[in-house]
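The structures considered in this document are given below.
Here come two complexes built around subunit A, the first alongside subunit B, the second alongside subunit C.
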Partner chain A sequence: MPIDAAFDIISFTSFIVLVVLGLGVIASMMGIFNLGHGDFVLLGAYTVFVFDELGLPIWLGMTVAPFAVALVGLVLERTVIRRFYAAPIIAMLGTYAIGVVIRETVRGLIGGLYHAIPEPLPGMIDIGDISISKWRLTVILITVLVVLVSYLLLRRTTLGLKIRASLENPALARSAAISTGQIYALTFAFGCGLAGLAGALMVPAFSLSADLGVRFLIQAFLAIMLGGVGTFEGPIGGAALIGATTAAFPWVMNPILADIMVFVLAIVAIRLRPTGLFTKRRL
Partner chain B sequence: MTLNPRGWPVILVLEVAVLAALLAMPAGLDHFWVIFVTRVMILALLAISFDLCWGYAGIMSFGQALFFGGAGYAVAVAARDLEITSVFIALPMAVAVGFVLSLFVGWFLLMTRFPPPIIFVALGTLTGSYIGQRLALSWYYLGGQNGIPSIPSLTVGDYPLYEGPVFYYMVLGLLLGVYLLCRWLVRSQFGLVLAGVRQQESRLTFLGYRVQTYKTMMFALAGSIAGLGGGLLAFHDGFIWPNSIGILVSTQAVIFVLFGGIGTLIGAVIGVGAIEYVGFELADRYPQIWPIILGALLLVVVMFRPTGLIGLLVPERERYGRFGKPPKGEDGDDGAA
Partner chain C sequence: MSERESANGGWGALPRRRFLASTAWTAGAVATGLGSWVVPAKWASAADPIKVGIATDLTGAIGIAGNACANTARMMVEDINAAGGVIGRPLELYIEDTASNESVAVNNVRKLVQRHRVDVVLGGITSSMRNAIKDVIVNRGRTLYIYPQLYEGRECTPYLFCTGPTPAQQCDALIPWLMADGAKRFAFPSANYIWPHRLNEYARKVVEANGGEVVFEEYYPLDQIEYSATVSKIMNENIDIVFFTVIPPGLAPFVKQVYEAGYQQRGGRLSCVYYDENLLNFHPPHEMEGLVSCLDYFRAISDGGEHRFSADLHARYDAKFPDGPGFAAGSAATGIYRGLKMWEAAVNEAGNLERDDVAAAIDHAKIENGPGGGSEMVPGTYHCRMNMYIAVCKSGRYEIAEQSDGMVEPGECL
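Moving on, here comes the complex of A and B:
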């Protein structure tokens, strides 16, 4: 069933792309490597879980999750992250600590177990002889839409111009009356919101557990470095590669080995091409 | 700022005090606490190893547990399947496993053509630890989720070393040896080069030092120490499980050292003691809350007190310290800019 497999691979890839998009926006726009990003993903997933527990519809939780996580991100940026702009290395430790706090809080709240969340759109859709899960198709469409919107936002709007200006030369941007502080806060919240969305959308496929985020954090970081930091397309390309190999390898080899192989291959590739595979054009 | 107006060598005083306390402890404590302190000393090896990486060589290692747990698994498997339990074989083996693993990882991550960005090293070590955890979790030979239970105890000749005072003093002796070795090393000319690397890596490169080689050497030493700790813990606790090699213990190492005081060896040891003791007291009553507090503590330290607990006591000047005599034949680095 090659088409089935291909569809699986694409839908898994879209999760990774979503995680990477948020992480990449923060990393390349602000120069902060957010080691807590995986746990923002977890927070998004947890929001959906809370809605499910309260008996509210899951799609509502999925709609609320990105905004809730973005809000958490905004608060954290204003109180904590902003202190780290001068010291990006300390920022890694700081965001890592934030990640630990979020992860352990969620672990405490859900009781260290796995929780399954049903898909909000059950059933299959038939196109010719192929039947495709409606929910997965929706995820793919949402991902494409989000990537497109983010791209246009950064490349075609005034806000995007301001964001890029703050990245290129913060001092000059400030002298041109751009409030870089606000821009950074907004960018960070936006990145966190994307993480929340990713977590919310993936939770039916992966079931909720406190360590959900760590795995995606590593995969997403590998994707970004594989693609190259500082561009828009690079991380997306890296995400596609990582996602595709992660989903494809178990079809051809022992699943345990497949899982590990992806990490090993990615890190070897990064070592051989430290600037990334797709870094010709700058954003 | 500090509580030291008279300029005592605070670090030395602390070191002697800690050593004296550790020497005397088994006499005044019951069995339970002897075991507890033994564990603390073993974890202190892990903390020292992270301190050497990040505090002394500027290598951000989020994966120190890979060497700790890797060596632990190695000796556990050897003890289970090959019945290798002799102290004189098992512990050197643990060191060797830690050394080989960290030399490989260090070579891979650090010896690149261009100096690797710090995020690559951080991520690489984290990934290594995560790979180890996945492997331990899903490989039946390594016991999967449950790890390897009931590892036979260490032996000296025919005499088995159970946890207790004898084990305690053996660990104390090893810790002391490792500590003195590291103390000498970081204060030697080798340590001076690394201090320079932390300040301005590119300049040291221009001066002709093979900076990445120095870092890799330090990383391999740190890995060996972590390996020794992992081997000891496996025998001491009598079991090992995937968390020992994974993210959990890697994070612990970071927290211990940053809390105690990065860049001082005694800070790492004190950090382990403080965290483990408070953790033990709190984990009983609030098992859910403790890990959250640990994370928050790490955040607070990173934000407000980068020098950790030790920074409260030790003046900045003493934390930097001196670096021994320059080697003969060179009339010393005049340090002029």
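Moving on, here comes the complex of A and C:
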């Protein structure tokens, strides 16, 4: 029991981390809470569905999904989102509205039905008495890889430096010949691309329905509040905590109580450390 | 069909594979989706049309069932009008979206009852929806209400008639059938709302009366999507039958995790009484293999060729709404059929639209034919007798395993 429990908990945590990563990047780097994030996740899942319907390989759909969703994000940023930077509250409403439009459009396109998407890597690996889903294992590995790459991109490259500069002091960044407008557009597109990847990877495990992404949104926000906005590690750490407690609590208590306990503990933690658990130094 | 109707023909009117072509349509539907749809009677008549209200979840999480209901009503009203209407008057259909959201629903239903002054309302899918809108319709609205979905029973409100299956109809034959090969240990993993609680209460009695045991009965938040703790319990407790009432969005991960743990491989069986054809796409076929459901109609009955009436009805529905949600019992489409037909028979018998007269006539209404066979209201109980079928999922289709010997008693409001 301990090994399969640990695997299931880590695997669920990976999905939450993937969703939070994109949301966290946008919130931390741009100061915008993207309430449409769940629907960008849905868009990634929908891309995979389109590939499946057209008879193309699933893995191709999963490769294309982050880029397709990033492109949608880029267009939306250039046309709509950039008008909201001065008013973060309005930005929340605006992104929420965009999310609703995406969700209901997808609902129409899939006929309001549910669709199972097969895993590119079906089957289980049997280790002694326990069987481990190959796909869930793959998602764990990809999550680790993506977190690592995103971290290096933001921390170790010139582009990452420009992004951080634009966040810290936009006026100074502009005077240093950094086009903050372009940087914001890129960052937003990057965050959306991560959402698309999350959706593409999770759809075989959860099936496609229009409400796929919304389910994760509240947990993702909780994770960001818990971890703290403004850093790279904050949201990821928060996501790991929320994911692990959500998956682990039902092992030891009544599931309904477990659901409430996750929120209670998160609220207590936020009360004790209002700026987040992982906010020692800024990125 | 009017122009307004065809412009907003429901999600069902959408060819699934024509993604790009349908984008414009969708934008239109999204823009106008919250309004009400009116399908006026085609033929001019000296008499005023009779107004039939449909209040169902066209959008939101329950949209599949809602659109199946609305499509069924569209088809039937067209048929009834083509055959001369009811008491010589044409029917006019008013469709209102309850949007899988009770607070939106109450306002929209009020519109049906107070502004359009419909003569009858059919609809509501979930029990919480029925409870939210019944007062608006029956008490304050003084209108007849027909509720079409399978549900937990105990709804004994005058002027409210239930045309879907009850726990007795779904469990009395199914549970002994599941236990026939010696299976005794049940698990009841369930979503935490009224239907699973009450259905489980009933199912537990049937399990215990047949010498079985409910090893655990557990409730989850409606949106839980991680079930490893439950699945581990199912495997460690050597459960024979998982009789579940988990609902989307948790449904897909639940079934997948059960399958991946090797439950079916070691001979375990899944059973869930709302599974119909509209849920076949929900899981890959191998995850659903052997799943058992019990409903008043399955497509396999029509495909069998014995039920000509069901087969014709289903074929016409498919021709009219080739994509989107199908004509299926778990989506309340068969309940809508029975409800509308019984109401039609009652109005013809009463000869007028007075609520008391029509209610008195529905109380003993019978229909000779319907999906899955005829049905009749049990007088004084607001519920129907109907044929029931136990079906097993095989390679992504249902096969009928057993059918009731005649109509089954609803066992409610006695």
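One rule holds for everything that comes next: the second predicted complex is superposed on the first by the 258 of 283 C-alpha atoms of A that agree within 3 Å, B and C clash if a C-alpha of one lies under 4 Å from a C-alpha of the other, contacts with A are read in each partner's own complex, and residues count from 1 in each chain.
Note that in this section contacts are C-beta pairs under 8 Å (C-beta built on N, C-alpha and C of every residue); 3 or more make two chains touch, one makes a residue touch a chain.
Quick caveat, the model's predicted, so the values are computed rather than measured.
Enquirer: After the subunit A overlay, clash or fit between subunit B and subunit C?
Expert: Here subunit B and subunit C cannot both sit on subunit A without a clash.
Enquirer: Answer with first, second, both or neither: which of subunit B and subunit C does A:221 touch in the superposed model?
Expert: A:221 sits against subunit B, while subunit C stays out of touch.
Enquirer: Mind working out whether A:89 is in touch with subunit B, subunit C, both or neither, as first, second, both or neither?
Expert: After superposition on chain A, A:89 lies in contact with subunit B alone.
Enquirer: Contacts for A:124 in the overlay, against subunit B (first) and subunit C (second): which applies, first, second, both or neither?
Expert: The answer is second: A:124 touches subunit C but not subunit B.
Enquirer: Contact-wise, after the overlay, does A:207 reach subunit B, subunit C, both or neither (first, second, both, neither)?
Expert: second
Enquirer: By the touch definition at the top of the document, which applies to A:104: first (subunit B), second (subunit C), both, or neither?
Expert: After superposing on A, A:104 lies in contact with both subunit B and subunit C.
Enquirer: Considering only the touch criterion stated at the top, classify A:256 as touching first (subunit B), second (subunit C), both, or neither.
Expert: A:256 contacts both subunit B and subunit C.
Enquirer: According to the stated criteria, A:271 is in contact with first (subunit B), second (subunit C), both, or neither; which is it?
Expert: first
Enquirer: For subunit A, give the residues common to its interface with subunit B and its interface with subunit C.
Expert: Overlap of subunit B and subunit C footprints on subunit A: residues 101, 104-105, 107-108, 211, 215, 256, 259.
Enquirer: State the interface residues of subunit A toward subunit B in the complex, per the touch definition above.
Expert: The contact residues of subunit A facing subunit B are 33, 35, 80, 83, 89-90, 92-94, 96-101, 103-105, 107-108, 211, 214-215, 218, 221-222, 225, 256, 259-260, 263-264, 267, 270-271, 274.
Enquirer: Taking the touch rule as given, give the residues of subunit B at its contact with subunit A in the complex, in rising order.
Expert: 60, 62, 108-109, 112, 114, 116-120, 122-124, 126-127, 130-131, 134-135, 138-139, 247, 251, 254, 258, 288-289, 291-292, 294-296, 298-299, 302-303, 306
Enquirer: Residue numbers of subunit A touching subunit C in their complex, please.
Expert: 1, 4-5, 8-9, 12, 50, 53, 101, 104-105, 107-116, 118, 124, 131, 133, 205-207, 209-212, 215, 246-247, 250-251, 254-256, 259
Enquirer: Looking at the complex, which residues from subunit C come into contact with subunit A?
Expert: Against subunit A, the touching part of subunit C is residues 11-12, 14, 16-17, 19, 22-23, 25-27, 29-30, 33, 59, 61, 63-64, 67, 192, 218-221, 223-230, 232, 236, 248-249, 251-253, 256-257, 260-262, 278-279, 281-284, 287, 323-325.
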